[in-house]
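Every chain is named by a letter (A, B and C) in the order it is written, and numbering of its residues begins at 1.
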Amino acid sequence: MLQDVSIISALWKIISGGDGDFYSIILLSLEVTLTAVTLAGCVGLPLGAMLALTRFRGRLPIIVVINTLMGFPPVVAGLVVFLLLSRSGPLGGLGLLFTPQAMMTAQFILVLPIIVALTRQTVEDLWSEYADHMTSLGVGRIGSIPTLLWDARFSLVTTMLAGLGRASAEVGAILIVGGNIAGYTRTMTTSIALETSKGDLPLAMALGVVLITITLCINGLAYGVSRIGAKLAGGR
Amino acid sequence: MRDVTSMLPLKLQDIALEVDGRRLLEVTATSIRNKRRTVVLGPNGAGKTLFLKVCHGLLKPSSGRLDFVAGKSDAEVRRRQAMVFQKPVMLRRSVRGNFTHALAMAGFGWRERRRLADETMAHFGLSALADRPARVLSGGEQQRLAIARAASLNPELLFLDEPTSALDPTAARQVEEMLELLRAHGMTLVMTTHDLGLARRFADDILFFHNGRLLEQGPADTFFTRPQTAEAQAFLENRLVW
Amino acid sequence: MLRRTFLTALAATTIAFTAFGPASAEDRFITVASTTSTQDSGLFNVLLPAFTAKTGITVKVVAQGTGQALDTARRGDADVVFVHAKAQEEKFLAEGFGVKRYPVMYNDFIVVGPKADPAGIAGGKDVATAFKTMADKKVPFVSRGDKSGTNTAELKLWQVAGVDLAAVRGDWYREIGQGMGATLNTAGAMGAYTLSDRATWLAFANKGDLVVVVEGDKKLFNQYGAMLVNPEKFPTVKAKDGQAFIDWLVSPEGQAVIASYKINGTQLFFPNATDPKA
């Protein structure tokens, strides 16, 4: 039976370094997730803003598709990346299957629709408020993107956190494309899956506690910073 | 060489604005004259704001001509005018940030922005608010910021939509003082207002709208003493619902 | 056109990520597609460091079921396969994906089930009888259902027992499509029987109410083999280093390391590279 005491002793074991790989697993998890979310932000924020401000044929279907992709099943994303990056796939020549880069790519694909969709909504709302002012200043819709992204920054922090949450909690995609190779593509979530399958539930649970704690810290930090910023800027 | 000759007068000819088949604005002929203060009057729904937006280029008329002095590029025309909206748009930045943003959009360099922003704030008595977030200012402060922000761009032509509505008397007086400063600076002002007192004190020319049509125009003295149309008479006698 | 754009974008993204990847300290590495049993049992934790220390070649193990591991290799995504389903391995060879099959080691399968033993098969030595009884009594049975080596062995045992699974399957027979460990977790939680390899069982930490009910039948023999993926099919296969790994596995040194791996004093795998029939 699973007992609290065994979870605590498992926690102590991993934190005190009894399990040597533990810190490198955390570092890899953070590296993969933060890189994927950062790049998804670099691409998704301007893309979401573009989608909010431009008008073209097929825009509405695209918005519906992207909103749907927010719930894209991670295993499907993983499978798609797997088939593309496999030696037999179209991008096999890159030799990137079972690497951290492959995991970043899969998470990027999962996070991007969330950031694009939420950014589009936020920017569209803000644009309805700013449109006259920006037009009066002689700035077009595309030219207004930096202004809108900056002024929506506090809402967009929440958007990025939503993306981060999706990426850090995810196991289905990275298990497929990363292969859960010890010391190379083993992350917090794939470790938890592995320890569960080994029946070491206290260790799996302890890893889960650590993962949640780290996620909590990142969220708390980002939220706190954005709240203080919002207060200082008088924004919402 | 910077072209310093005026782009005014702005001449409007047979302007019509239709939305979904409904004619919302109709102006047969009028002009905005250089260095004059034009006040746009009329009851609610008369088309005053639409007229300002058409003149400012925010709305494209369905038909008709709108001409500045020949030989000015579109960009030049855009750069030389500004507008203050009835509900001022406050960027989610500091007061100074609101100035530097507008100046940046107008193409001023980083140092220049900062200098012009500080100068303008000092000029209009806003320096104490420089580092406050714009969106927590009072209504009067926001309106003054919006006017000063537009003025910092040093436009030749400035549109103001109901700059004193929804302000308490003190704030309204402060805004009126700002407008006086702008006039003294030689700016051409076009303003809508509900405040007949302000209109009497301020206007050189009057444009009177009713039901979307420009009914009457001319010097303020003439309009207030000898209105030509029954609608204008009714309006001045407060008989029209605002 | 759209597909092309998408692929280019994806390639660009992926390449962009390579800039962020950890610097590849291990220049020489091979990818081994292997089974969950070898990984979950902890064997690789002693086997791989010994090999790396000797040769400087790092081994990256992707642990999957045997069927999936062979498929991974069929796509050219592994250099070596190290699995346990002889028939599937021979098919793999016949298709030309493998170069040569090397027997490496064996252990055995066991039938585990709840201590209460509702089927009444505990202590039996004939696994066919036990399977027949389970099917007759329709006691809960959890199957891997994932084409793994253990799953393949299980399906063969039903056959040997004369049970036509297609005809008798029902609620009692639960395919969960997961690895050995997950299957044991499920069996434990359901009070069900299942077939496990002995190594995973011994290393498994959440036994709960489960006990070994049938073991020691010759039909429960579980042979592991290793193959180099055919470099003629996939030029990217690291033939030299991959072969070095296999050669080391079947060398006296590698065999000795396998024999030395014990959990609580019990040996998990028995080297038999020299057995030509294995």
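As a convention for this text, a residue touches a chain if its C-beta (ideal position, glycine included) is under 8 Å from a C-beta of that chain, and two chains touch if they have at least 3 such contacts.
Just so it is clear, the structure is predicted and the values come from calculations on it, not from any experiment.
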Interface with the most contact pairs, given as the two chains involved: A-C
Centroid comparison with subunit B (C-alpha atoms), farthest chain: C
Distance from subunit C to subunit B - Cα centre to Cα centre, in angstrom: 78
Whole-Å gap separating subunit A and subunit B, where each centre is the average of the chain's CA atoms: 47
For subunit A paired with subunit C, centre-to-centre distance based on mean C-alpha positions, whole Å: 32
Complex interface listing, subunit C residues touching subunit A: 7, 10-11, 13-18, 20-22, 31, 36, 39-40, 44, 60-63, 74-77, 178-182, 184-185, 203-208, 234, 236
For the subunit B and subunit A complex, residues of the former touching the latter: 53, 56-58, 75, 78-79, 82-83, 85, 89, 91-94, 101-102, 105-106, 132-136, 153
Residue ranges of subunit A in contact with subunit C within the complex: 1, 28, 31, 35-36, 39, 81, 84-92, 94-102, 104-105, 108, 179-182, 184-185, 194, 196-201
Touching residues (chain side subunit A, partner subunit B) in the complex: 129-130, 132-139, 143, 147, 151-154, 232-236
